[in-house]
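I'd like to ask some things about the structure below.
Lettered A, B and C in written order, each chain numbered from 1.
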């Protein structure tokens, strides 16, 4: 099984590296666009209220792409702008991993499955490829944000009790989410590097779990239908504030670092791992027992 | 095979295809979820309002009207938000297909030599239009029916406007406050046309996009990007002092009776519909002229 | 050697394979013939491990499928037409598939491409291939790495005369190297020129067999 896993992953890498790289590049371009628009907005903002400079930090650039929205209460019945930028990131991640002829039951799946020698190894390789693509895309997003931050002249905290990365107090206003001033990311305490890494890891896991759910659904449904279902799953947290909606854990604005009633990294870890496990088990069940009959191209 | 026959053939194939049925299942499920969530909540509130105040003239009753809780009008509930975010994708999945891969499968060639390329493409475009339209119209009707079963259909009172979802700037607002049934008909017909045109535009893009998965997902991403960029630009403009600047010209908002934060007049919606119609026709012509590969 | 023992397969109450028993010897080309819908392709899928039989067993080189191993250890298949990645060249497609099996070098791949008559086309994108070229590439993928079991479903589909000669030559060569080759075909030339053992299937059953050993099953 282990050999089948390694060989299938190698085959996937050779066959899909270039198309996947192009899609990851598209995700990075989007992140770049989001950072540019944030800068533009900050410049206009500073010009209006006479601030010395738009004090954007590295966390602000990350928030421009991955903030999402904070607490949402539908009972208030207010009109508000949906955080489409965050949704774009999620959708792009889905599309990075969606087209995959080697694991498409209507394409090359019979051939690659038989040649790999193990159904379990084949399925695990499929999941590993999804996770790898998501990781690459996510690292690309973070790298783009850091690069924009560096170009902007964002300062790195130098040490001391309040040395953590902070969101600029105008960031929630610019990005359109409500935030409590007492939250660490906005107050003097800031977010330490460990906090940032913890949050980024949970965010990547959350997005990966959604992609894995999509991969499991592709085993049963046509790819565009699987994408539509996963899109509904990804959109739900934009309208419902609940920890069991895995997309919530990919939003910076819903973490305990930004809002007081936010979700902690441990909560995020539990929910995302549960989703990962469920997706992998579902896909494994489909792969292990299902007859592979008939190819449609 | 005559023109009517090929249309009937394509329509029958479209409405019995698995993607269409699955897409209908998804959209109806979302619509039913929305109806139950909104109506049950409103019915409970109505009970706590009407019973204690029986015998008194109580304003704001029309806030609990079934039309006000209807999917196309309600902007507060999460379910309606998810529905309108997802429906452009669902509408394109129904019967859209890449003409190139369709041709490769063999049945495209078989039909073309019997009825001619032009007739076939037009029949398919019609089928795609109807599929896309039905994928939004049927859930809207189902949703309204459920709301009407659970809540009274008061005519919305303009004095209750503060509590109602449709404002004077929204399309057909006059109808909403005078004849809500006609409003529902007009709204459904408009949404039918918008989603149908979206579906047929996506189909027309198969003249350049070969891969079916890319064809049925990339236009949705482009729509999301357009919404994102426009909202950012409008936010920048508002920061710069241009209050009231901004309009929603993406399908996500035009399908709703009460869109998100931005302004969405009827003329803009009709202009977008016209643009999609022109795009569909131009792409259809391009498809007719392309090689039957 | 492949041993099929009382294999039944029912799909939605329809018996597709109805008690098939057969022994396919190593170093011989076994050809399955029969009318459309007789179950030839389904039998190949069962032997490949893609389909789990409702009852019965399949043993490949002494190992029972679905019990000792999910798939035969060393296998090449061409079932229901070739399927490759359109954006890659023929050569790159084979290179990617070679990663699933150890010990196939680039030189061997180039040699294989030439052997199936695709020399000069190996670096063109697969989506530009004609049907016959795709079939040739499918045959190349099936015999790549010298597997000990090769399953071919209608290998001469869409091939020109030279291609048919090539396909027969390839089948003969791999069989002479000791592989078990099982071919499902309607092509009378293949049956006549290449078959060592002929199995006739009808309505999901083996109706009779003729071959070197002269065994007959009713």
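Some notes on this structure:
Heads up, the rule we're going with is that a residue touches a chain if its C-beta (ideal position, glycine included) is under 8 Å from a C-beta of that chain, and two chains touch if they have at least 3 such contacts.
It should be emphasised that the depicted structure is a prediction, and the values quoted were computed from it without experimental measurement.
Here the two chains linked by the largest count of contacting C-beta pairs are A-B. With centres computed as the average of Cα coordinates, no chain lies farther from subunit B than C.
Centre-to-centre separation of subunit A and subunit C, using mean CA positions: 43 Å.
Distance between chain centres (mean CA atoms), subunit B to subunit C: 49 Å. Look at where the CA atoms of subunit A average out and do the same for subunit B: the two points lie 27 Å apart. Under the contact definition stated at the top, not a single residue of subunit B touches 2 or more other chains. Annotation for subunit A: residues 297 touch two or more other chains.
Interface of subunit C with subunit A (complex): residues 11, 42, 45, 48-52, 69-73, 75-77, 79-81, 83-85, 87-88, 92-93, 95-97, 99-102, 141. Partner subunit A is touched in their complex by these residues of subunit B: 18-19, 22-23, 26, 30, 75-79, 81-82, 85-86, 89-90, 92-93, 101, 104-105, 165, 211-214, 216-218, 220-221, 224-225, 227-229, 231-233, 235-236, 239-241, 252, 258, 260-262.
Against subunit C, the residues of subunit A that register as touching in their complex are 7-8, 10-11, 14-15, 18-19, 101-102, 107-108, 110-120, 289, 291-295, 297.
The touching residues of subunit A, when paired with subunit B in their complex, are 30, 33-34, 37, 40-41, 44-45, 47-48, 72, 74-82, 84-85, 87-88, 91-92, 95, 98-99, 174, 176, 221-225, 227-229, 231-232, 235-236, 238-240, 296-297.
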